[in-house]
Amino acid sequence: MAGNSFGKLFNLTTFGESHGEAIGGIIDGCPAGLEIDLEAVQLEMQRRKPGQSKIVTQRKEEDDVTFLSGIFEGKTTGTPIGFVIENTNQKSKDYSHIKDIYRPSHADYTFDQKYGHRDYRGGGRSSARETAVRVAAGAIAKQLISNIKINAFVSSVGEIFIDKPYQDLDFSKIESNIIRCPDESSAAKMIAKVEEIKKAGDTIGGTITCVLQNVPVGLGEPVFDKLHAELGKAMLSINAVKGFEYGGGFCSAKMQGSEHNDLFNEDGSTKSNLSGGIQGGISNGMDIYFRVAFKPVATIIQKQEALDNQGNIVEMQGKGRHDPCVVPRAVPIVEAMAALVIADYWLQNKLSTL
Amino acid sequence: MAGNSFGKLFNLTTFGESHGEAIGGIIDGCPAGLEIDLEAVQLEMQRRKPGQSKIVTQRKEEDDVTFLSGIFEGKTTGTPIGFVIENTNQKSKDYSHIKDIYRPSHADYTFDQKYGHRDYRGGGRSSARETAVRVAAGAIAKQLISNIKINAFVSSVGEIFIDKPYQDLDFSKIESNIIRCPDESSAAKMIAKVEEIKKAGDTIGGTITCVLQNVPVGLGEPVFDKLHAELGKAMLSINAVKGFEYGGGFCSAKMQGSEHNDLFNEDGSTKSNLSGGIQGGISNGMDIYFRVAFKPVATIIQKQEALDNQGNIVEMQGKGRHDPCVVPRAVPIVEAMAALVIADYWLQNKLSTL
Amino acid sequence: MAGNSFGKLFNLTTFGESHGEAIGGIIDGCPAGLEIDLEAVQLEMQRRKPGQSKIVTQRKEEDDVTFLSGIFEGKTTGTPIGFVIENTNQKSKDYSHIKDIYRPSHADYTFDQKYGHRDYRGGGRSSARETAVRVAAGAIAKQLISNIKINAFVSSVGEIFIDKPYQDLDFSKIESNIIRCPDESSAAKMIAKVEEIKKAGDTIGGTITCVLQNVPVGLGEPVFDKLHAELGKAMLSINAVKGFEYGGGFCSAKMQGSEHNDLFNEDGSTKSNLSGGIQGGISNGMDIYFRVAFKPVATIIQKQEALDNQGNIVEMQGKGRHDPCVVPRAVPIVEAMAALVIADYWLQNKLSTL
Amino acid sequence: MAGNSFGKLFNLTTFGESHGEAIGGIIDGCPAGLEIDLEAVQLEMQRRKPGQSKIVTQRKEEDDVTFLSGIFEGKTTGTPIGFVIENTNQKSKDYSHIKDIYRPSHADYTFDQKYGHRDYRGGGRSSARETAVRVAAGAIAKQLISNIKINAFVSSVGEIFIDKPYQDLDFSKIESNIIRCPDESSAAKMIAKVEEIKKAGDTIGGTITCVLQNVPVGLGEPVFDKLHAELGKAMLSINAVKGFEYGGGFCSAKMQGSEHNDLFNEDGSTKSNLSGGIQGGISNGMDIYFRVAFKPVATIIQKQEALDNQGNIVEMQGKGRHDPCVVPRAVPIVEAMAALVIADYWLQNKLSTL
């Protein structure tokens, strides 16, 4: 397998399966001299960890990050930052019964076809447990670009959408409810919906909106590495993501140039921002905002047909402790991936001119 | 500027501004022994070139590709394939009048802020002329993965959408009309719409759908380099793209797991395909399909406010020969980028197992 | 700091300081299905570890490798192989007295100038302790390319050289003496020399020769990534290395073409092998051999002038448990780096042709 | 073929065979705003071009570089710099007689084995003609790091060595003779030797020494990308190179620590410089110097045995216009590769600290 690294200059490489001894990663390229707030890292881990509320999986996992290198006397040294997160909750279980079964819309079948030999315990490398490492690394990235404000929040669950522009929302309320939606009335409806879905043993999709504020002008490498292209890849690399749009997004495709163009103010800012803070792949100093679509979690607590590795259709009954809706726990993951992209492009931009 | 390379193993590096002497690229990593059909390359160039119909820009540019290396006696040698495309149409014009003006929703302002010094003639490096190189390289990629069928088509212009699933379309009709929409009645409406928009000196957005058929199981690198993540980045790197979704896309976010899961047939294929041919970032052998949103072209033939580099709002009148709607010419670009991704991942997958 | 990754397809990323909690690494790109012999890995660790004989440092460190991912039921899964090696011996010491002192010919001064903030305990990231991770990863690489025989040995210590071509040596004797020289009479002299040097509190340089046998024809990417160029970089990246030559090496520079050319046998092998098994950057199936020069260890147990960070020359007295001569412990490191290069190029070569 | 790119941030990708239409390259990552002296580029090309004196190949090739992008109004724009060099001298020749013959110590056999299909005309991609592109790119790199003085010179031809330390040489005399040796009496002997060898239809090896002065402290990425490791790879990637040593080099391997250590002066400079200006992989501000060994050119104008592709030993008679000794023309190539490394590491070092 390749592709376990992300970022050119602020580079994260990760390892780990859901049921191995530990997961972890190495950040290479973080400049020396950055003061690291380890509690802030742990706080991000809390936001992602299972068992944090009644509407997420009830698995218990502490997700404590142990940093092994690269930080000395409270500051980065410029050397690689290695860290591990133990898998404390998964050691005893017996997974041999699903060894030969491919669950629908999971990666079981494709992993087996691709690699021949796989760690079948709980999803292995394809488990969303892998994203814990991203959150840890993203928390370091956030500290590198601490002037930039990154706020992600749940903007829809199923058919329930926030019906306001993000400018009308108070981001300080995102963490005030368990669905992570800053619009309180929408939040209440979303939570009720997830509880209903959970009772039915079903799951439901949703979207996350992310807003980056105070981004300096000039981040982004035109052509293949446009800023929004890398943000898009970052988001699409998160488990269960099916779509990405920024600025006007899919709505832009319905519009005319005369209404879509963002006219300038004298200071270089723009009156409207359908560009989503990025023009020609480069940040223009306006808010960057984008929306990410998550499908419903594939594991449902209902009877379902599956395939075994002998080519038989078999009935299986989903069980265990799974998320009925992935979006509340995905909020810190979206932020982490955004932070990794911005940190990387912030470093890249240091080299644009003499 | 970094980021002028695309692909890990089938790697394309490009250069060139819209008004320099030539644009071009180098493909590094194409295996030796591939028979190259140069006419097929040129055919793709024709599909992208300006002046091909009444609804696209009337600029004339032949876009002949000259291969300088890497192909010998009709076959690739394994050495890098260097090629150039002359800029024949742009030599004489005087662009000094726009030297100091930032057009709205173009990359003028961001380039100037980022680099300080830019080639202001006709968009320079940010011009969509750059995509001609992608089409040439994509045409080579297509020959490497010739078993895989890649069909992109215009699925909407403004509010006019094809209202059928792609399975009901006849892809052989894509090239039968100038908008590149295989549904004839929709095509007629789209063409009429673009003509109307053009007359008004305005522009309009649209979407392109792309379908990849006969993709082998196993392409894609889980975690950061999921197949759809790289396809998404590839598409988002094309000028004017604002969004990407694959499989169920943004609709998946409204669905429940019990309706969204793709149940297996005994041969490993699936009854439905909301997964869009990719599970856990790896192709599962079903059709891969995705949709790409394009904003309306920023250059409109109307009076508009712009900013000059002294901070003054100035009125400008768009003129020249521009596309009223980018999607018909973007069809071969979408296919080219898809081919580059698939060729790269096809090579990567050769290394998955012993 | 960048540059903590090695290899394009068989890719190792490492972390860790000599006095942190642990060092470790991630191998990304090892194909699935490779049976892993963990004892063989540990055996390589023994060959490198401190305290193994009277002529190396008397520090005690077990250097047990713990694999955390990527290996399941005895075989690689294709997912990244994460591993850690605890630093057991270094926890209690007080290094504050050398915090402000730059030892001559160490990396203290350059690290401080470059990064501003460094882990000054025992060399930190610049310590040769880092090579333990290379040996662990190299041991996995060796198993991937198990048909290829890799033998490194000490070919000189100070002025004492083996005066025979490698073809006259019995590689099975390399491990039979503590200096790792297969020529017994030379070995005895070398050991005596190192003991004498050690008694004097001094250190001494040496060379290692490495021979790769049974390498298939075709490994190596011409132009920048010639096989010997990457081998050279790999060796020069090992602590204390000052030079690299392969085949005829520096002697070739004194010769004439008529005597230097390797004439062919009918089977494509060559009568002589001054090419060192590589022609045009590509292996030709003959033995690959090269020689690596190591300087004397900079830490000597004598009084010496050093610089403090206030610009004062101060006298320091080297103490502690250091290697009087680095070459015996560097033998497995040279082999490990050679294995990493060959494994990587073996994978790369799978993509040369259709 | 992979490996046609060099450098992480100041990145050169090249293409071209000796007998194709043109060779060329793309520099990606050169910062915007650098004034480019095109004459200085051409001057470097003159130093490398064939036919420049009686002791080099008498082929005539003008080697004019045409820049196609990335430079506007005399300065870099930050966009990729594409350039081509036409192959003017090689079009008419008939090479079909060597199509099936593998010349000894050339890359004919290994290319054919690796790729199956090769451009057999005059060495194709393995020809040293490829280095013309390196010289052009290196000339741009030199302008980026113009404060750093890079001087390479011929330090030996066969057994004739300059018997002085480089500090006693006047680098301004390097270009004063056709062998590019700043020591006039050595130069005379070397020239006489090459003329004698040429008359005999033979070839001879030699070494080049390169000195980098005024290098700032802090260039180099410890661990795998040590500054000297990348310099070593750069040099070993040049055709015909067999060895690389820096600072004390292979002599260091014979020395004791007490004599080898470079003691500090109060300003951080060192009294001696056996470290060769690099400690722990990072430049320390002292002169960086290294030596590169070149084998004798494989093409000799004598009868010699070769192998055909049917496995027959055949007699061949070398003919044509070849270099009797490669080192005078390799001097600018060594400098160019050194400049590419230093430019790249200079950019990398901008990211070491906040």
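Each chain gets a letter, A, B, C and D, in the order it is written, and its residues are counted from 1.
Here is the rule we use: contacts are C-beta pairs under 8 Å (C-beta built on N, C-alpha and C of every residue); 3 or more make two chains touch, one makes a residue touch a chain.
Since the model is a prediction, treat every value here as computed from it, not as a measurement.
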Note: chains that touch chain A and chain B both are C, D
Top of the farthest list for chain C, CA-centroid basis, is B
Here the gap between chain C and chain D, centre to centre from mean Cα coordinates and rounded to Å, is 26
Distance between the CA centroids of chain A and chain D (whole Å) is 46
Rounded to the nearest Å, the gap separating the Cα centres of chain B and chain D is 39
Residue ranges of chain D touching at least 2 other chains are 1-5, 9, 14, 29, 32-33, 78-79, 114-116, 125, 222, 351-353
Chain D partner, complex, touching residues on chain C are 1-6, 8, 14, 102, 104-107, 109-111, 113-116, 125-126, 130, 156, 158-159, 197, 202-207, 217-218, 220-226, 228-230, 232-234, 236-237, 242-250, 252-258, 260-268, 270, 274-276, 279-284, 293-300, 302, 304-307, 311-313, 348-349, 351-353
Touching chain C in the complex, chain A uses residues 1-5, 9, 11, 13-17, 20-26, 28-29, 32-33, 66, 68-70, 72-73, 75-82, 84, 114-119, 124-125
Seen from chain A, its contact residues with chain D in the complex are 9, 29, 31-34, 78-79, 222, 347, 350-354
